[in-house]
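Here's the structure we're looking at; comments come further down.
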Amino acid sequence: MSLFTPRRVGHMSPGGSAITYLLLIVWAAFVIFPIYWLVITSFKSVNDVNSGPVFLPFIDFQPSLHAWRDLLIEDWADTSRSYINSIIIALASTALSVLIGSMAAYALARVTYAPRLSTVLAFVLCMAAVLVATMAYGVDWRLAGAVAVALFVLMVRGLGNRIAGRLGNGDILFWMISQRILAPVVVVVPIYMMFQSVGLLDTHIAIILTYAVINLPIVVWLMYDFFASIPRDLEESAQLDGATMFTVFREVVLPLSKPGLAATTLLVMILAWNEYLLALFLSTADAQTMPILVAAMNAGERGILWWTMSAVIVVMILPVLALAVVLQRFISKGILVGAVKG
Amino acid sequence: MATAKRIEIREMDKHYGAFHAVKSLSLTVEPGEFLVLLGPSGCGKSTALRMIAGLEEITGGQVLLGDRDVTHVLPKYRDIAMVFQSYALYPHKTVAENIGFPLKIAGKTKAEQDAAVADAAAQVQLGELLGRYPRELSGGQRQRVALARAIIRRPAAFLMDEPLSNLDAKLRGFMRAELKRMQKDLGVTTIYVTHDQIEAMTLAHRVAIMRDGVLQQLGTPKEVYRDPANMFVAGFMGSPPMNFVAGNATGAGVKVGDRALSLEGVRVREGTHVSVGFRPEDAELAAPDDTADLVAEVFIAEMTGDETLVTLTAPDGGHIIVRAPPDIEIEDGARVGLRIDPAKRYYFETDSGKRLRADD
Amino acid sequence: MAADLSPSPTGAAQASASLPARSRGERLNEWLDRNARHIFLWPAVVLILVFSIFPLVASLVIAFSRIRLSGGGFQVRFVGWRNFDKQLFGSEQFHFLGTFGPLSLMGWVFGLAVTAGVIWWIAAYLRAGPTFIGTLGRLFPWGLVLGLGWLLSYTALSGRPFGTLLTTYFYVLVGCAIQFVIGMGLAYLCSRAIRGRNFFRVLFFLPLMITPIGIGYTFRMLADTSKGPFSPLWQAAGLGDFSWATDPWAARMFIIIADSWQWIPFVFIMLLAAFENVPRDYSEAASMDGASEWQIFREITWPQIMPVAATVMLIRVIEAFKIVDLPNIMTSGGPGIATESMSLHALFAWRSLDLGQSSAVAYLLLFVTVVTCVSFFNLVVLRRVRS
Amino acid sequence: MRHFKTPLAAGLLATSMLAAPFAQADGHYNGVTVEILTRPGPVIAGRLAERGEEFREMTGANIVVNEVPFAEIFQKLLTDWATGTNSIDVGVFASGWGVELVNGGLVENLDPYIAADDQIDIDDIAPYFREFNQKIGGSTYLITVDGDFQMLYYRRDVLEAAGLEPPRTWEDYLEVAAAVHGQDMNGDGEADYGSCIFKKRNAQSYFAIGSVAASFNQTQGTGEGFWFDQETMEPRINNAGWAEAFRLYKATGEYGPPDELNHDIGDTRALVTSGRCALAIDWGDIGPLSIDEGGEAIRDKMGAIIMPGSRRVVDPASGELTDCNDSLCPHAVDGINYAPFAAFGGWAGAINASSDDQVKQAAYDFLSYMNQAAQSNIDVTIGWTGYNPYRNSQLDDTSNWVQAGFSEDFAQNYLGAIKESLNHPNMASDIRIPGAQQYTGVVLDRELARFLADEITAEQALANIEEAWEEITEDFGRDEQAQMYRLGLGITN
């Protein structure tokens, strides 16, 4: 794909070309204006914001650094903590979901699995039984768990003979990808209780794990087709040369998937960096992330601190922007292959 | 260097669901032997090779490498090197890294790797290209890299899956010779899969011809060429391949059109459909008179340099190719006679393809 | 890969027999190697089971009960279908489905048109040779289209407000359509021979990087009719007394504009890659044959980007069903309940500690999302890819 | 925004648990950490953090202020306490929410603490806050840090120029708003608004409607309550008084900013402080805000007055609006029934019953410290703290206010309005029963929003509210709710 080799120019009529540029510039303005407004708002004084619009720094208003001073000096402890939290959480959860997700995607692309339908059914039934018993009837979860494991073993034996059906890789893949359909609000309360019961609320680990899981489907989805498109010969050759599945994955598959990995990583990282709802539930103070800080700038009955909020948003964009510029040459190329076959 | 090992396949089977891809294949490759698995595409030869490599699960039967049963051993433990049709070069590694990869996997030191890479590269004349990436190489050079990667480990056996098919004709001939020479020098047991009978003829110590998953014939190139086991093998070997004319057995011989070809001692029940086969070099053009064994119409004549290939339309509607001297003058559509060397005729049951022999 | 990577016990035994004695590390390596197929897959499976399936089942239990948080934990009481009953037929019906009443003429016309369309669809399928599974699977989309069509007839088309279900579909269908058309248009323009493509590419990608709640606040700031940048324009246009925030459709469109601002980049970047991947030969050949640009696009380019486009839209649709941050920040679901999506509906219920209702709404959302997405996947993506 | 998280000293000093107040830096709480959860921003939280730092220097107790967005505080606190997570020791939240927590047995009863506290001067706290707001079922569970009820603010300059009196009834309100709407009130050349009342959904509009509705519905004094029937828990909402209130509330929008439907209290305040509103409903904050930075446009131009009342009230016998008479409106003045609404009830601190004893004592001492006149009389005069007056000493003495920047004139006017409201025998309580959020924050708020958006009529909205409220009541248990409602109104039998 010749993304970066310039195309032959002069393919279009001058009129067509002018319209093309006009449309692109109009859209560019539409994209830029809100961002421009954010940036200048972060330099406006309270009065400049509240008393009607002003547009041009130094011309119709005098820029003020008060919002930035609040954010970076007075509340530095808070800002820096949220910022570091966000960075740790975004990096770790992205690394985790990309690693685990691409391993699963690779396995699904290359190994044949055939889980028994009966086992899956038994598992779901047992889990539902445990939940009903513990939540509705107050049975101790350890007891319920132990009974369920025993029940599960029995059911696997019993059902296994009656239900012969097996699932395939396609089913596993669909199951994994379909997890993305879940709206966070469906699962957030049980997740909260789960972390609460192991004492991990308001820790990085809780948010990292949760983000890793919600982004896992995207990684599996995009990377599956990427891996499937790699010629098998390469992997088989390495196998014959003595490489294990791990070595093949590390030495052959991952290096060949760089564009896809880069694009997937970028996408997943953006999602983790910007997530709000789950972070709100799972953090109180120590693990608070940047989007919560944005929301905190809505001071309720004191109105929204537009100036500081704008500064926070601007500060949030910067690292992602840097990452995107670094990875931009992979974005199109990488995202595509995964998407082609859907 | 691992000593060359014998490869033995016992009643190897492969099913893909209902499809029976390889049917009870048994053969033995002696240490140092160059065996070619030959057949049209879809005949199961590649599947058989991949089962030997361990890349495909074996449905039934056994594979022995030396004295060891490797039927269920992971590929990495089989000590086999394989060259793929696509060469399977790692695009993200340089030539040197590609060649040295098996040693890197084996945990050899960098110095050992470098020495071995230099050695292997020298054997395939790649010395000056070590720093390049595969995409910067020509087809022939890539082929050499793949070979070098295969030999660097000194494996007990080579498996090659149509390694030359991606090269142009000229290069293919050249590489074929090199390959043969290299195999001889290294003395490694080699199984080579191809659909090209010329490669098979020129490279092999023995050729195994497969069709629909079944081994048709196993023998030296000369044997399979001169003494094909059935009509399929006969028709597959040679370029141009053997000609067949179909007819019915009568008391006077095989009746083809208005002529009858003698059966030369072959006994067959009257009325049987019999095909008579002969190679293009074993017939000559003659006048379309009564002495001719067959009369046919010239379809086209092609001068190739040292000879002219004349294609005829036979009485049964099929084509017959005959080698003729280069200076022959002949017009399309002319009726010509054909005289076939009686000692070099082959008889087959048309329906089963079975060879009919004089001593049967 | 058809090859089973794990050797059978006998094979492994033989393999080890022929090798010299090995250290513990080597044995671990071999164990890892032999179990690689499980080690690759299971971490993902376990994570999803623990963090996705377990909460999902737990939520299902909650959806059928009433939960009260109080000293010492929760009080859970099973209430059967009551939570769903309330949403579909009870006091929350107006909120989820909409307000019902007599059908208007337009409602009749539209409802009957939809019914006719679905009947035609059924007939077309039955003529084409139905299978049992195929028919069963299609019952869902048929029912969904029919249900949504009549719901629209009974509510908006009869002059009554509709609930969060149709609002969500409005965001999904209209929002995604807008994003698709503009995203594709931009990608098409950018794929042409123009200067500064990399500049446009990075620039157009920008909005995707901003946190959705940030976008919500930013657009609220932009659309403020007294302090926002466009307020002078409003005043000048004599619209000083009009506010998007008081008109249901204007408010919904406004949310779609913000949503589109964020997500068009995604559609754009994927389709740009698709356009650039279309070999030039075909279109050059076609242009020599005298085809117009539109003909080239329709006959050559479009069929080739169709699979990517379908997948991109599937991803978009899945995400669009979950829209919550933007309406929450920009309008809090107002005016009335006009901009409230199902996800926001569930969030509000959750905020008032009504966990049962919250889970019930969330499950209804899950149901319509799955039916819509699976239908879209089977009927559009797969069919196109196959053909 | 401010967090003071100093690493915890490792060893826990074995200090004697004297309930005695602290006065000197004796460090008797060394090693004790009190985790507080409240809303973000300088408002409420900022002053807690600053005072917390002082408190730490005095006692050694580490005060940590955790902040979550306003809409999530109660949910988070309840989940934290009810599930036994107990990462929070003190919640500072709307006093009205306390009932549900107390009902669940999650909040520490503060009576013994107060009895042992000789510094808090409990009798100085205005009666409404002392007897209603801090108490649930006769016992004190909450310590007030901010006193909240709504008042009417008006632009003295604008009304004087127009020759108008501040409105006494809601009809007056509309007349005044209509008369001045469209004038330029801050000299920027743009037309400004007659009335600014926040109407955004899921914000605070249900407090504003309470202020409008109260005077139509509550006549017999604070103990009557205007939300439910005390005995049957039947909602007293589907009646002519509420319908009138809905219509009046909507009518004020005629003279407000065009996108008022999307304005929350913050948007409204920004308009008020930039001088664009002639009339506004608000809590006590406008006063201090007018002397803060950003309030220049309205400095010394605002007046405050008790919330407008009504000449007509709901006759319990007929359910119709009827003109006031002595028996119907015993507290009426000049035939006008006032019922100033203690919307929200003010921010108050509650202590987690499950915290360690020493932490609880430290937490109480800190809340008491916040509440004591020495501190709070300063804090309430500062706009950005978000604290509004709740002590008699804060209302009687103007000197702190003048020192803070009020003119004597405005201080008198402002404090007078507060006093008039606070001491009003017919002060209306906010809804204070379990599920309060569902009753008002969800159902009332949503139906009001639908009415404002012209989706339904006032009558439909009220019928819907009645139905949904009955459902909620049934869910929680009618008898229990009635019991809690009576407790909230101070009726203990």
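Going by the order they are written in, the chains are A, B, C and D; count residues from 1 in each one.
Following the convention adopted for this analysis, a contact is a pair of C-beta atoms (placed from the backbone, for glycine too) under 8 Å apart; a residue touches a chain by one contact, two chains touch by 3 or more.
Since we're looking at a predicted model, the values are computed, not measured.
Interface comparison, A-C against C-D: more C-beta pairs in contact at A-C. Chain centres defined as mean CA positions place A nearest to the mean of all protein CA atoms.
Centroid distances built from C-alpha atoms place D farthest away from chain B.
Chain centres here are Cα averages; for chain A and chain C they lie 16 Å apart.
If you average the Cα atoms of chain A and of chain D, the two centres end up 40 Å apart. Centroid to centroid, with C-alpha atoms defining each point, chain B and chain D lie 93 Å apart. Residue positions of chain A with contacts to 2 or more other chains are 50-52, 193, 244, 295, 297-298, 304. With touch defined as above, residues shared between interfaces to two or more other chains in chain D number as follows: 72, 79, 83-84, 270-271.
The set of chain B residues that touch two or more partner chains comprises 54-55, 74-75, 77. Residues 50, 53-55, 74-78, 80-82, 84-92, 101-102, 105-106, 149, 153 of chain B touch chain A in their complex.
Every residue of chain C that touches chain A in the complex is listed here, in rising order: 1-2, 4-5, 29, 32-33, 36-37, 39-41, 43-45, 47-48, 50-62, 65, 74, 76-78, 182, 185-186, 189-190, 192-195, 198, 200-215, 217-219, 221-222, 226-232, 261, 269-270, 272-274, 276-277, 293, 307-308, 310-312, 314-315, 318, 321-322, 324-325, 342-343, 346-347, 350, 355, 358-359, 362-363, 365-366, 369-370, 373, 377, 381, 385. By the touch rule above, chain A contacts chain C in their complex via residues 1-4, 7-12, 16-17, 20-21, 23-24, 27-28, 30-35, 37-38, 41, 49-53, 55, 100-101, 103-104, 106-108, 110-113, 124, 127-128, 131-132, 135-136, 172, 175-176, 178-191, 193-194, 209-210, 212-214, 216, 220-221, 232, 244-246, 249, 270, 273-274, 276-277, 290-291, 294-295, 297-298, 304, 306, 309-310, 312-313, 316-317, 320-321, 324-325, 328, 331-333, 335-336, 339-342. The touching residues of chain C, when paired with chain D in their complex, are 66, 69-74, 86, 91, 94-95, 99, 161, 220, 224-227, 240-246, 248, 331-338, 348-354. Those residues of chain A lying in contact with chain D across their complex are 46-47, 50-52, 70, 74-75, 77-78, 81, 192-193, 196, 201-202, 280, 284-285, 292, 295-305.
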